[in-house]
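Lettered A, B, C and D in written order, each chain numbered from 1.
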Amino acid sequence: MHSTQNFPQEALPELLETYREFVKKELFPIDLQVVSGPFRSFLPQLETLRSRAKIIGLFAPHLSKEEGGVGLNLVQFAQVSEILGQSPIGHYVFNCNAPDIGNMELLHLFGSEEQKEKWLKPLQKGEIRSCFAMTEPAHAGSNPVHLSTTAVRKGDNYHINGHKWFTTAADGAAFTIVMAVTNPYAESPYHRASMIIVPLDNPGYHLVRNIPIMGEAGEDYLSHGEVKFENCIVPAGNLIGLEGQGFALAQERLGPGRIHHCMRWIGICERVFDLMCKRALSRELDLGKPLAEKQTIQNWIAESRAEIKASRLMVLDTAQKMQQFGAKAVREDISTIKFFVADVLMKVIDRAIQVHGALGITDDTLLSFWYRHERGARIYDGPDEVHKSALAKSILKNYASDGK
Amino acid sequence: MHSTQNFPQEALPELLETYREFVKKELFPIDLQVVSGPFRSFLPQLETLRSRAKIIGLFAPHLSKEEGGVGLNLVQFAQVSEILGQSPIGHYVFNCNAPDIGNMELLHLFGSEEQKEKWLKPLQKGEIRSCFAMTEPAHAGSNPVHLSTTAVRKGDNYHINGHKWFTTAADGAAFTIVMAVTNPYAESPYHRASMIIVPLDNPGYHLVRNIPIMGEAGEDYLSHGEVKFENCIVPAGNLIGLEGQGFALAQERLGPGRIHHCMRWIGICERVFDLMCKRALSRELDLGKPLAEKQTIQNWIAESRAEIKASRLMVLDTAQKMQQFGAKAVREDISTIKFFVADVLMKVIDRAIQVHGALGITDDTLLSFWYRHERGARIYDGPDEVHKSALAKSILKNYASDGK
Amino acid sequence: MHSTQNFPQEALPELLETYREFVKKELFPIDLQVVSGPFRSFLPQLETLRSRAKIIGLFAPHLSKEEGGVGLNLVQFAQVSEILGQSPIGHYVFNCNAPDIGNMELLHLFGSEEQKEKWLKPLQKGEIRSCFAMTEPAHAGSNPVHLSTTAVRKGDNYHINGHKWFTTAADGAAFTIVMAVTNPYAESPYHRASMIIVPLDNPGYHLVRNIPIMGEAGEDYLSHGEVKFENCIVPAGNLIGLEGQGFALAQERLGPGRIHHCMRWIGICERVFDLMCKRALSRELDLGKPLAEKQTIQNWIAESRAEIKASRLMVLDTAQKMQQFGAKAVREDISTIKFFVADVLMKVIDRAIQVHGALGITDDTLLSFWYRHERGARIYDGPDEVHKSALAKSILKNYASDGK
Amino acid sequence: MHSTQNFPQEALPELLETYREFVKKELFPIDLQVVSGPFRSFLPQLETLRSRAKIIGLFAPHLSKEEGGVGLNLVQFAQVSEILGQSPIGHYVFNCNAPDIGNMELLHLFGSEEQKEKWLKPLQKGEIRSCFAMTEPAHAGSNPVHLSTTAVRKGDNYHINGHKWFTTAADGAAFTIVMAVTNPYAESPYHRASMIIVPLDNPGYHLVRNIPIMGEAGEDYLSHGEVKFENCIVPAGNLIGLEGQGFALAQERLGPGRIHHCMRWIGICERVFDLMCKRALSRELDLGKPLAEKQTIQNWIAESRAEIKASRLMVLDTAQKMQQFGAKAVREDISTIKFFVADVLMKVIDRAIQVHGALGITDDTLLSFWYRHERGARIYDGPDEVHKSALAKSILKNYASDGK
């Protein structure tokens, strides 16, 4: 997804079709079972799928060929991301899942050579997993400048102390990137924090628990950790970029990250839409009278189709502009897609559940998994409210300055 | 809740306050833990609470004093039900939880003396639990006349065969009431089924599984069973009422049942509203700037308060009319509250989650439990769509017949 | 509607039925024509109807018998108000229309004997009309303390200067009550303004225009004036109450006023609902296939019925409490019904228009009149946003002070 | 807008900017006044603007250069249409307003040489206006096959009888195209009607009235006629295409017509959005505290921006596909944009009114005009309900046939 990458555009349709086939044939038959867990018991099977993905050249679509990937640019990857998003294990199998993909981007852009060698390369190959420790239970995530976690430089080391949660996939990860305050007296709160790599076998690091979320604590990749750093000592060389650059780097990380999330959500929408239509056609109220004949069901199908289409066009438009003009130029667009698509996602899932009736609330379909685990979509990476306010303020600021 | 019951109205406020105190002091501190399970490990503790409830005269509010209860009528009980609904273990502790309460009503009204002696009495005392097997996976629950389960009379027995699910609390129950086709050739499909009592130690009965619902299979009272009847033989005396009366009895059971559900949902709304307000006041975005200052949050609080108030007034109005004029007279009202309150419930829960941010999707509050386990509220006992159509058709029919 | 009034409760059902018949037989056949105007041309016809109302004892339902009215209390009047609201000329014919009813209440409670003799009595008899000049184009009505209109005491007179608009029914009125700043240096902005009576033949008063609103300027009672006071001199005896009491009196005026509006809106909802059902039954898509068979239409009918019912119960509950405990005790309830019912009103009208198709946007039914002229319901007497914030802040304040 | 047209793409941005300037400088200052009427009094002024548009090469953007137009293709014209839509007189001034533009397309594609000479050419030059008589008061427009208007061939003439309404801009038009049943016994109801040109000076044609719509009957171009054909005799040569082709031709006419409407609506949205933002910035609640600081207002601005963006991308995407693959290929897309954009339009207008407070419901801004006159957007050219059902059925049909 580096701006210089450019998988030949004319070959894209065929590539997309290949991904589509793989996901449909290899992942759809097993994904419900995998997410029903225990996740670890499926690791060998997932490893086999990753190997197959490598062999047929689909692995790590976002990485350059040199890095062992497919070499897609942002817009191309967005289209793959929608396809992978149709399965809850899609991004994982192709090694482009959050939070690893964000960490790969970060280390690729800002990591030292040593960091790249030690952490980035095995990550790109899918040999290890990583996580990202930012959110703290003591502070509202919607105002990220408030952090209590500190990293104090003592000699050649940082001494890190703090309490984080929603450290996605911490369980089983090899390292985390932690956001910690290094410069508490910097004038701007945006210049106080830094990103530091912490290997998770460090004795000062503790995984307190996999947080039970919406009925499941999960494990391994499918989990969100509550973690503590208690006098956790790491070499100063684990600092990414410079001290005080934490939020600047986080912005770089989040921009494309929101594109990825949005396209993944659209993938979910498509799978859910498909389940909804099939159920509407197959479930009969009376002999030969399927649910599909009910106008309310038709309304939901039509509205869902319209909203999904709107979502896709907006996200691809944003990806196109970001690729062309950079992340800063599309801040309004990013906020727009974040709250718009998250809302569509939850509405489509909700309608599909209603169409499924009792079956819809069981764990016998993927609907329940997504209803539960994507409720966070309206919260993480900035809740709806924050993005709406940010967008409006930005629009209004332009007005004021225009003298309009 | 029998129409003749009438706890002295002037003593009601104090009684309600006593329930309120009990729920707040005894249940609130433990209920999140109890529903996080395993449920069975809490049975002794819950038994202790039941004993205390009996001692202070709060047990079985719906039953007459002779039956060991408090002697409330429908409207009085509705008000208690709201209070108990604030805790997910409220109705259970006071032995007025679904599906037992419905079965008690049914057996009280239509059970034979023998059935009352054997099943109703221990149920009323809380010595056993029961369940109700109606919904079948093969048929849309929204059109209940389609049933494949059959009960064939052979000599003095019924031979029952069929496949049911969403048999709430089957795990650990002593008996189920099963809805089965006894008269397949009756002209009206509403006259084909009967209700029959099946003791669950019957060798022809099998609990296939506790259905995993929204992330949890649960156990004991907190579960929904998938069950099979395979040549399950019970004495003909286990028939409730007459052959072919199944749906007629079900209607009797459902009327007050929907009042109970709606008042329970309002109780949930109140607890959730309380959590939302407290979170809004305590969560700070910046020092001294709680979420509560945000107008969006204020909108949610105001809209929730309005909708909850509307819900309560409508349900109590319906209860009042049902008590006075009977269940038939309030069929439109019942449909109205069913879809209106279920919708309010889900909206209020959703807003509270959003106000809680990341915490809202964890299992560290009750929000996640209700978000998951009450999604069914818009589906069971008739999905929204069915009730809306039924209400509209009834209204329009009156128009047509009025010659208006 | 004075708290001491009490029309015999047992006679109420019959009285309501009499109003219902009158409205249906006398007003429904002509009201569309009357509001299509020109309004003045219908004044003789309306006068005849008022005479008839007086003769059969229905005139001025809110006034005591001594004042020539029916003697209803607030809750009783609310029920009449719903009935009258079904016709856009209902309240006018029975002389209980805004803004006259508010002015009658005000003068009854706070007017001097002289003011009562001169202004209140002819108002009560329906001999004159009045208006109320508060809102100013230069200030947001949602924060009423900002007023530029001043009334300066010079000797025995007030010299009034200012610019007002939305002075409802100014055209043809005999006097207005104007809200003007008399005490600009009072510490609290709530103590700066006063209410003063201005006869509209005063040379310092000018009706600039009847404001064109939603396509119509209207005239006479059916209009909203933009007015100017230019060195308008009135005797000091025209002050109502004391100097600086303006907002305190306005609150007294607004409390029951919002009940009246809400019940009138519910009346509109019922008429609109009736039109919607009839259209659904009579409009055929294909031979013998009326719109009423479409599930979307059924949904709208059901949702409208539910929302109207919720509205009525909430407003009557508020009226009951206000009657019993006073206006202050129900401030939260008043805010609640204001935004809840205004929203329901607009939704019901919108659905009915959609059911009517092209006919719905013509002026051939009352739908267009209400769609246009009730859009203001979400704005006047405090826009939705203000009431929601006010309600939420009040709720949250109780929390904070409870130490909850 | 003919598929072969192709204004040089590289010159488009400058052309769009020229339109933008023209609309802003020439139309914005007068449009509110013009639509406030009487419209005829503004005809000379509008004629001057048309002349200027011709001189600077902006007139008739949809026509080829040979026809005196700019030569835009569908996608290019769509972008111009959004700009013109920002003013309610935009399309009129540039002679690309409905229903004339539809009639031009129709005659261009299917008119005889004689018809083109006599009717099309003066229409293209803006010398005459036309109208289109299809909808009948006696039949639901949402099922257009039901028509009572007949055209009976007698010798060389058609004798037309029937009753139509919503014949837009009939007042002052030179001719109408009428949809009438010529082949009542054709098997398919879609093959029964034909399109016939009727000059409006025909003695058998009567303009019954300009229908009062949302408070205004309007006149001339700004009106919707109710018309009657009473033994109206026209030459057989006035038939467009063949007998029985009426609906086939109507489909051709409607496809691009819906694109035009949708882009016009987006133009309205942009103007309304602009008014909303300016009002939010300029209206102060307290000194220095503009409405814009309120989070509710910010939410509306953000949501409106998102929805407008989604609308534009979807309509342009549909236009692109229609241009490339023809109208049939985009039937689902057309239904999608029709209901989606109409809904967005009404929501954006409604929010802007609320932000404007009392001013929003006056006719002192364009908001009232659009609130009233665009309510029809959800009804004409197929109500929301019909498009949603059509879209859903089409989607589900593909499922069924896919054997998916």
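Following the convention adopted for this analysis, a residue touches a chain if its C-beta (ideal position, glycine included) is under 8 Å from a C-beta of that chain, and two chains touch if they have at least 3 such contacts.
Every value quoted in this text rests on a predicted model; they were computed, and no experiment measured them.
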Of all chains present, which has the mean Cα position farthest from that of chain B? D
Write down the chain pair with more C-beta contact pairs when A-C is set against A-D. A-D
Separation of mean Cα positions, chain C and chain A [Å, integer]: 53
Separation of the C-alpha centres, chain A versus chain B, in whole Å, is 39
Measure off the straight-line distance from the CA centroid of chain A to the CA centroid of chain D, and report it in whole Å. 43
Per-residue multi-chain contacts in chain B, two or more chains: 294-297, 299, 385
Classify the inter-chain contact topology: is it line, ring, star, complete, or other? complete
Quick one: in the complex, what on chain A touches chain B? 36, 135, 137, 140-143, 146, 165-166, 211-216, 283-286, 291, 294, 296, 353-354, 357-364, 368, 371-372, 375-376, 378-380, 383-385
What does chain C use to touch chain A in their complex? 294-296, 299
Chain B contacts chain C in the complex at 274, 277-278, 280-281, 292, 295, 297-299, 301-303, 305-306, 309-311, 313-314, 317, 332, 335-336, 339-340, 385, 387-389, 391-393, 395-396, 399-400, 404
